[in-house]
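Take a look at the structures below.
Each of the next two complexes has chain A plus one other chain: chain B in the first, chain C in the second.
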Partner chain A sequence: MFELAAEQAGMFFTWPNLGYWGRAMITTLTMAALGCGFGFIFAFLLVYFRTWPLKAMIPVRIILTLYVEVFRRIPFLVLTFLVLFGTRGFGFRFSLFSVACLTILLISTAYIAEIIRAGFESIHPNQWEAAAVLNFGRFKTIFGVIAPQSWPLIIPPAFSYFVMFVKETSLTSQIGALELMSAGKYFNSIGISPLLAFGTCLSLYFALSYPLTLLGHRIEKKLKLRFKGKIVKSHEISLIDRNKSHQVAN
Partner chain B sequence: MDYTFQWGVAFSHLPYLLGGALVTLHLTFFGFVIGLLIGLVASVLQAYGGSVLRSLASGYIVFFTNTPSLVTAFFLFFGLPEFGILLSPYECILINLALNAGAFLADVFRGGIASVRQVELEAAEVLGFSLVQKVRYVIVPHISKACYPPISNLYIIFILGSAMASIFGVEELTGRAFNIDSETFRSIEIYSITAGIYVLLTFFANVLLTLVGRYVFRVKARIF
Partner chain C sequence: MPQLEIRGVCVHYELSVPILKNIDLDIFKGEIVSIIGPSGSGKSTLLRVLIGLLPPAQGTVSFNGKVVDYNSKTCLKELRDQMTIVFQQFNLFQNMSALKNVTIAPIEIKKEPKKIAEERSRFLLDRIGLSEKLNAYPDELSGGQQQRVALARALALNPDILLLDEVTSALDPEMTNEVLDAIRELSEDGITLIIVSHEMAFVREVSDRVIMMADGCIIEDGTPTEIFDMPKTDRCKDFVGMILSH
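Showing the complex of A and B:
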């Protein structure tokens, strides 16, 4: 039971080992941040084209909807294997780290696109119509009117998805990417007691995820305050700032 | 390099894979139902318990929502034998899924409990409702309506999350895909078909849950 763990604690918590854990932690965080960061950009582009109300855009819309609906429903583990064997099968020799990042990118794009779309849809139709009346183009409507108002509804859930992906990356240890979970497996396989190896792994994941969750709550609270206090003002400001010629009353 | 697809080999194993989908379904269903009970108890303790119970419940919620279910599964799978408890992989994963689901669902129920306003309870009091009537006509409709959409979302996420059971040797959908893959080496085809089955599975679960929500709980939701 605990005797083995207590016995091994001395030889387990040495500086080189701690360095190994630290590097594994940084890899985990980098993977999730890269995947979700680029995922956010791609998701924004996806929604930008998916919500374009033009007849000519219908085929694009169908393809993008299909992408979102399919990739939200594939388990992370299965997609990891699919990306790994898919890229290897066609002769691309990506590193395991980039395979993991690519998988996170594919899934997070679909998830975050759904969040952004929900944010856009929650904006009152009057805002879209007002922008159309002012003869704003697509770009100006989205970036000048719709996006600034929907950030408070997009950022908090997107951030909590990021935290979810920090935890989800543990599955990439299965293809051999060197991150926190594989560090735990490695120490277990060289004979360290599982209580010690996986216990350390658990507490490090907790140490990564809990501060991020708290940060997410803080961001949510702050954005909500801004949203509630100046619901009309904020869009007014964004309009006036970006195009000085269009002064919108109220 | 060229890769020659051989879909025939992969499709000949389709019945075996579909059997795995059944295992996935009952694994997640039982895990989720136990998780619902755990979540209900934890959220009620967190809302109405004494100081010790309250901190215990919130400690449980914070711990399980902030650690990956894969790592807790490893901890249970390799840690419990150290205490002399030997479980089969299926039982171990079931316990792990239930504990994880319980923590996330407790968070959802907390929001539901918060959505019942004090004024409505007072109004029920004024109308002379008994405790049972209050629960039946005021509290339950409120909580179920507020909690149903996030719960059905979580169920879909748990179907996807249960793929990690394959790592411990449970023969569910992904586990069976591993088996066929190591037999035939048609990796891309096998995993594409597996992914397709997951897509269909979660899609039908989604449609079913939306319809149940619409007719039982009066929750308005679109399927797409």
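Showing the complex of A and C:
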């Protein structure tokens, strides 16, 4: 195997092939970024409505909770095929790239929603109460008080989730979407040594995800510096405060 | 007509444990009413009911003759437009500076012009001795300073009634005096104050009326002299005797 790889290296590492790998890398990154990026926005909206204590919102809360519970438990590959055949069954001819992005969006929304919900719940109830007695509405409370304090708790795990999904996109090669794994399969299928093809694939996944991990650490540090206040977490409240904490009449 | 009328208010926490039992109370405009009593007597719970954080299981609260509907967001909003509270744990917004904590509600909620709100906030913070801490965040302030910012934040809304819930309990003696001085000044402004406090000397000094609560009930209601020097009930005598002996 090593001998074959050495023999083929010269014809493998050509500019056209490198260009192909480059496009696959960009597609992989774009798929993960679009899916997780929009997933973050939808997840935020999901949590906003799911945690609304109004009685009229009960049906919405049930539906959103079901969404999160279901989509956190479906394998990514299974959902990818469901989205592909489901959309075509309804007459939509999405590109394979779009199918992949949509699948990532559906799953990342569910996972990131839980990260955001946990972030919000980590903030001391007294912040909600302080906002309520000053007549802040729900929108102002969440966007002006709770979310800014939650970012250091939300963004690092959400970013880690995005980095993880960069690797998960390899499963979309099963439906033929062009990304790094499918590029590796392609080269292997035309006779390139598996060591060269998949070794390059592996190296490029690492080359993508490691700098992103470092970026995630940097973002986490900047958030901690920029957010000068102490995040008052729920687990720090005393027993007396715990007895006083009730749902805000909001 | 009383500014606040509380009739038959009962509150239960989980498992129907009664915390407030048939509270009847009238508060008049400009009065300074202090509520004293042992821990767990329902003092803070009463304040939470008044500010609308906790609906009563029974009874009514009326403000300026209008019964408060705890199921109506509009009603609660109107109530909180005229009444505000300072909590024991300050409850400052951790992501905002001292100045921003004080200006945010007047600007965003009352829609005051930013310049006017900031001027008034600077005045309030200067009045309570924090003019050099305008841009400090809560974790950069001492407990006494945080509590004074919380006071300024409440006053920035020009409330008719100010509720103070054990505002010195979390503070050391030096910080306690800082905050009590600030409240002492407030008491001369004519604002209605309802103070829950364990600082008996302070209560005696500033209050028009003192209410003693125990086990969720009002035990006695009278002037400071009546409560501290001539308590009528044994419960009140025991409590006052115990605190004065310290």
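We adopt the following convention: the second predicted complex is superposed on the first by the 222 of 250 C-alpha atoms of A that agree within 3 Å, B and C clash if a C-alpha of one lies under 4 Å from a C-alpha of the other, contacts with A are read in each partner's own complex, and residues count from 1 in each chain.
The working rule: a residue touches a chain if its C-beta (ideal position, glycine included) is under 8 Å from a C-beta of that chain, and two chains touch if they have at least 3 such contacts.
Please read these numbers as outputs of a predicted model, since none were measured by experiment.
Looking at the shared chain after the overlay, A:M181 reaches chain B, while chain C stays out of its contact range. Comparing chain C and chain B on the residues of chain A they touch gives the larger count to B.
Of the two partner chains, chain B is the only one touched by A:S193; chain C is not.
Of the two partner chains placed by superposition, only chain B is touched by A:V78; chain C is not.
Contacts of A:G86 after superposition on the shared chain: chain B is touched, whereas chain C is not. Listed in rising order, the residues of chain C touching chain A in the complex are 13, 44-45, 48, 51-55, 70, 73, 76-77, 80-81, 84-85, 87, 89, 91-96, 104-105, 108-109, 137-140, 153, 157.
By the touch criterion given at the top, residues 1, 4, 65, 69-70, 73-79, 81-82, 85-86, 89-91, 167-168, 170-171, 173-174, 181, 184-185, 188, 193-195, 198-199, 201-202, 205-206, 209-210, 213 of chain A touch chain B in their complex. Those residues of chain A that touch chain C in the shared complex are 126-127, 129-136, 140, 144-145, 148-149, 227-232, 241, 243-244, 246, 248-250. Chain B makes touch with chain A in their complex at residues 1-3, 62-63, 65-72, 74-75, 78-79, 82-83, 156, 160-164, 166-167, 174, 177, 187-188, 191-192, 194-195, 198-199, 202-203, 224.
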